[in-house]
Amino acid sequence: MRPFTAAFVAAALAVTAGTAARAEQTVAIASIVEHPALDAVYKGITDQLKEAPPKSGAPKIEFSNAQGNQATAAQIARKYVGENPAVMVAIATPIAQSMASATKDIPIVFAAVTDPIAAKLVQSDEKPGGNVTGVSDLSPLDKQFELIHRAMPKAKRIGIVYNPGETNSVALVDRIKKMAPKMGFTISEAPVAKSSDVIQAGRTLVGKVDAIYVPTDNTVVSAFEGLVKVGEDAKLPVFAGDTDTVKRGAVAAVGFDYYALGRQAGRMVARVLDGAKPATIPVETVQETQLYVNPGSAEKMGLKLPKEVVAEAKEVVGK
Amino acid sequence: MIEIDHISVTFDRGGPLEKHALNDVSLRIDEGEFVTVIGSNGAGKSTLLGVLAGDVTPECGTVRIDGSDVTRRQAADRAGLVARVFQDPRAGSCDQLSVAENLAVAQRRGGRRGFSLAAGRDDRKEYAALLDDLGVDLARRLDQPAAGLSGGQRQALALVMATLSPSRILLLDEHTAALDPVMAANVLALTERVVRERRLTALMVTHSMRQAVDTGDRVLMLHGGRIIHDLPRSKHPDLTVEHLLELFERRGGGAAVTDAMALG
Amino acid sequence: MSVIALLGAVEIGLIFGLASLGVWITFRVLDFPDLTVDGSFATGGAVAATLITGGLDPFAATVIAVAAGVLAGIVTAWMNTRFGILHLLAGILTMIALYSVNLRIMGRPNVPLLGESTVFSLVDDIGVPAFWAEPAALLVLTVLVTAALNRYLLSETGLALRAAGANPRMARANGIRTERCIIIGVALGNALVALAGALFAQSQQSADVSMGIGTIVVGLASVIIGETLVPGPLRRSIVAATAACVVGSIVYRLVVNFALNLDFIGLRASDLNLVTALLVLAALGLPTYRRRRAARAAAAAAAAAAPRAAA
């Protein structure tokens, strides 16, 4: 047993020795978990770097996935720091925090972090101040709630179904609650702890609200069909915070494409590779938004979408 | 020393398996007496020990040990008064702990446990001397786990453990039943020696009429949750196995006498 | 792998080594499978992070986090001893409740500690690079905690605890209050897990409500890996058993590190969990396989020699 273990350990070290520090430009990317949106971000970043490489040439790309585990995320962050890449890229908040904790020197670009200031990744959006900057996936909430207002001018009470255990959702809901009174809305919350609770949460809102809004919450979005059913049964329109969900039955949404977010992050990575310092690169939000509508679903939920709204849509689902 | 007054124990009262394990049993045992208890299966022998040990709470009646009323006291809180050896050799010690560690646990029975090192060097010398003195060949195996001992060795260990720390009574629940005849005889001899040397008040449940006749100074026969015969040796000096068998069949109400009981 | 990655694995291995000690106490010593740990790990992190961002000294915050772990353990043990709830279920109930409790404590799902002072800030200022200093400090702490635990388990009270777990009936017959032992043991186990959680949050500079998920699995894996690595004759010693928990935890992290570096053979990032499991299986299974093969070969050789001898 002893000689075997020794050989095993020796082989392990030998095999991994080859992955020690690199001199050429490496971009080390890590994501917290497999998820269609996060996977799209990754694709956006890599496509962008391939098609529009920095002046120093197309970089080598390394990718790891923490499989949803914090400790693994920590090990990935340490591993990357040990390899001394030119830039580290973090897809989602937990990984961004692990990386920021592991190094104060190597530039870090985050993507799909909803609230970088609350996560203490940057000092301010305009002047991040450290080695971290990136592209936030903060939903264009003002545009989204304006959409609700235009689609349902008489709606006053909005119900929000979300998981208080997801940082991004909590950040969004806090912002919504601050913004809502100015737009004339009152908000009711229906929290869920896991996807199987979604239908029940939706039902508690029936009769209490005029419309339901679902933010970009992993838990609720994964069980969205349940809410569609509630909406159809109770004739209660359900709006979403991202456009993919419209195809699944949401009445309408103003959102952005996570792939586009990835490309925006890729552009930022190229700037850093060309010498820009993260401390002075302002945090970006996704500018390009599109309107998706689903009139068929809206009708099933008792809502006739105004013609002008449908006309503006980039995509009309269900036709 | 032991006063049992009108004890009744019913298991699963009202249920389909309701059993009156002990039926208004009263008993007095003086200090220093060595009592053997026999009876058929289900007669109430183990329940009687259980009541004394604290495993079983009677529904009425009182139990007094050395003057204290212990009827409602939990087993762990009576351990200072009551020492026990179980039938299953594996039940009296912990598999994973060493012989010395098992003895250390027993050494503190009834006393306070502090933070000093258990089974330290001085303790082990003491254990080794005690084991040698009693003729139990375990002094060289102090650091071996109890799981590695044979059944007989484990029962000998259990017996030593039961007498390591002072107690008022010693309860032996068919403790040689699971051993082969040679080992059983050894353990029984050790039992007699230990009870005599420490002047313990002992109750020994046995399935063997031979043991009942040869050991101790009083035989109790139980049946159907009652004491049907109480035979102190002073009154029955010439008690034999045949005699016991006869008594058993006479008042036993047709309960079968097994070969094990008669020949064992 | 780089030195930083290696030391990172050691550092995380040491932190989770404390958690695996906690799991070992309940699972092995007390024979009480305790699932509370997925909750109490996060509670340790939540309490420490919340107190630190509130301005409290990080050492005091860590101590209070440990106290929170003790409370969590007492709740589980109390459900089991007082209400007769099966140990597995009691642990699950506490773990579920702790999810909400942790969210309440933090006020939100994630509390970042970037920029705050932590127990590691002390060693970061020594002048030695942090990636050496932190594992070294943790090593010292782990050795101290393990030594204290060993001393306790070898004392009369600790021995009573071990007896209560090994043979409760015998323990009671020897005057040991087994219910009290369960409460003390489960509280102690969760105290260690909460300590690990508090240290992990400070090491990663963030606490997240989901950070405890998987603690029981990793803890058990570490305990079992450690037990397999301990040579036979030593297996019974308390000192060896506790050391094995910590070593097992570090080995597990090294295996994860190794798995992270295997992308060159065409494995994808998403295969990490599978690869880790296979590597652990290989590390544990191959020595057993080789031992059995050697035993069979020896038996075959003996059988071959015997007929010749008899003839």
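Each chain gets a letter, A, B and C, in the order it is written, and its residues are counted from 1.
Quick note on the criterion: contacts are C-beta pairs under 8 Å (C-beta built on N, C-alpha and C of every residue); 3 or more make two chains touch, one makes a residue touch a chain.
This one's a predicted model, so the numbers in the text were calculated from it and none came from an experiment.
Remark: the per-chain Cα centre closest to the mean position of all protein Cα atoms belongs to C. Farthest from chain C, judged by the mean position of CA atoms in each chain, is B.
Top-ranked chain pair, ordered by C-beta pairs in contact, is A-C. As a whole-number value, the distance joining the C-alpha centres of chain A and chain C reads 33 Å. For the pair chain A and chain B, the distance between mean C-alpha positions equals 71 Å. Chain B and chain C have centres, each the mean of its CA atoms, that are 42 Å apart.
Within the complex formed with chain A, the chain C residues making contact are 1-9, 11-12, 16, 99, 103, 108-110, 112-115, 131, 200, 203-206, 208-211, 213-214, 218, 229, 253-254, 256-258, 260-261, 263-264, 269-270, 272-273, 283, 286-287, 290-291. Interface residues of chain C, counted against chain B in their complex, comprise 151-152, 154-160, 162-163, 166-167, 169-178, 236. By the touch criterion given at the top, residues 53, 74-77, 79-80, 82-84, 86, 91-98, 101, 104-106, 108-111, 113-119, 145, 161 of chain B touch chain C in their complex.
Of all the residues in chain A, the ones that touch chain C in their complex are 1, 4-5, 8, 12-13, 15-21, 31, 34, 62-65, 67-72, 74-79, 81-83, 93-94, 97-98, 100-102, 118-121, 164-167, 170, 193.
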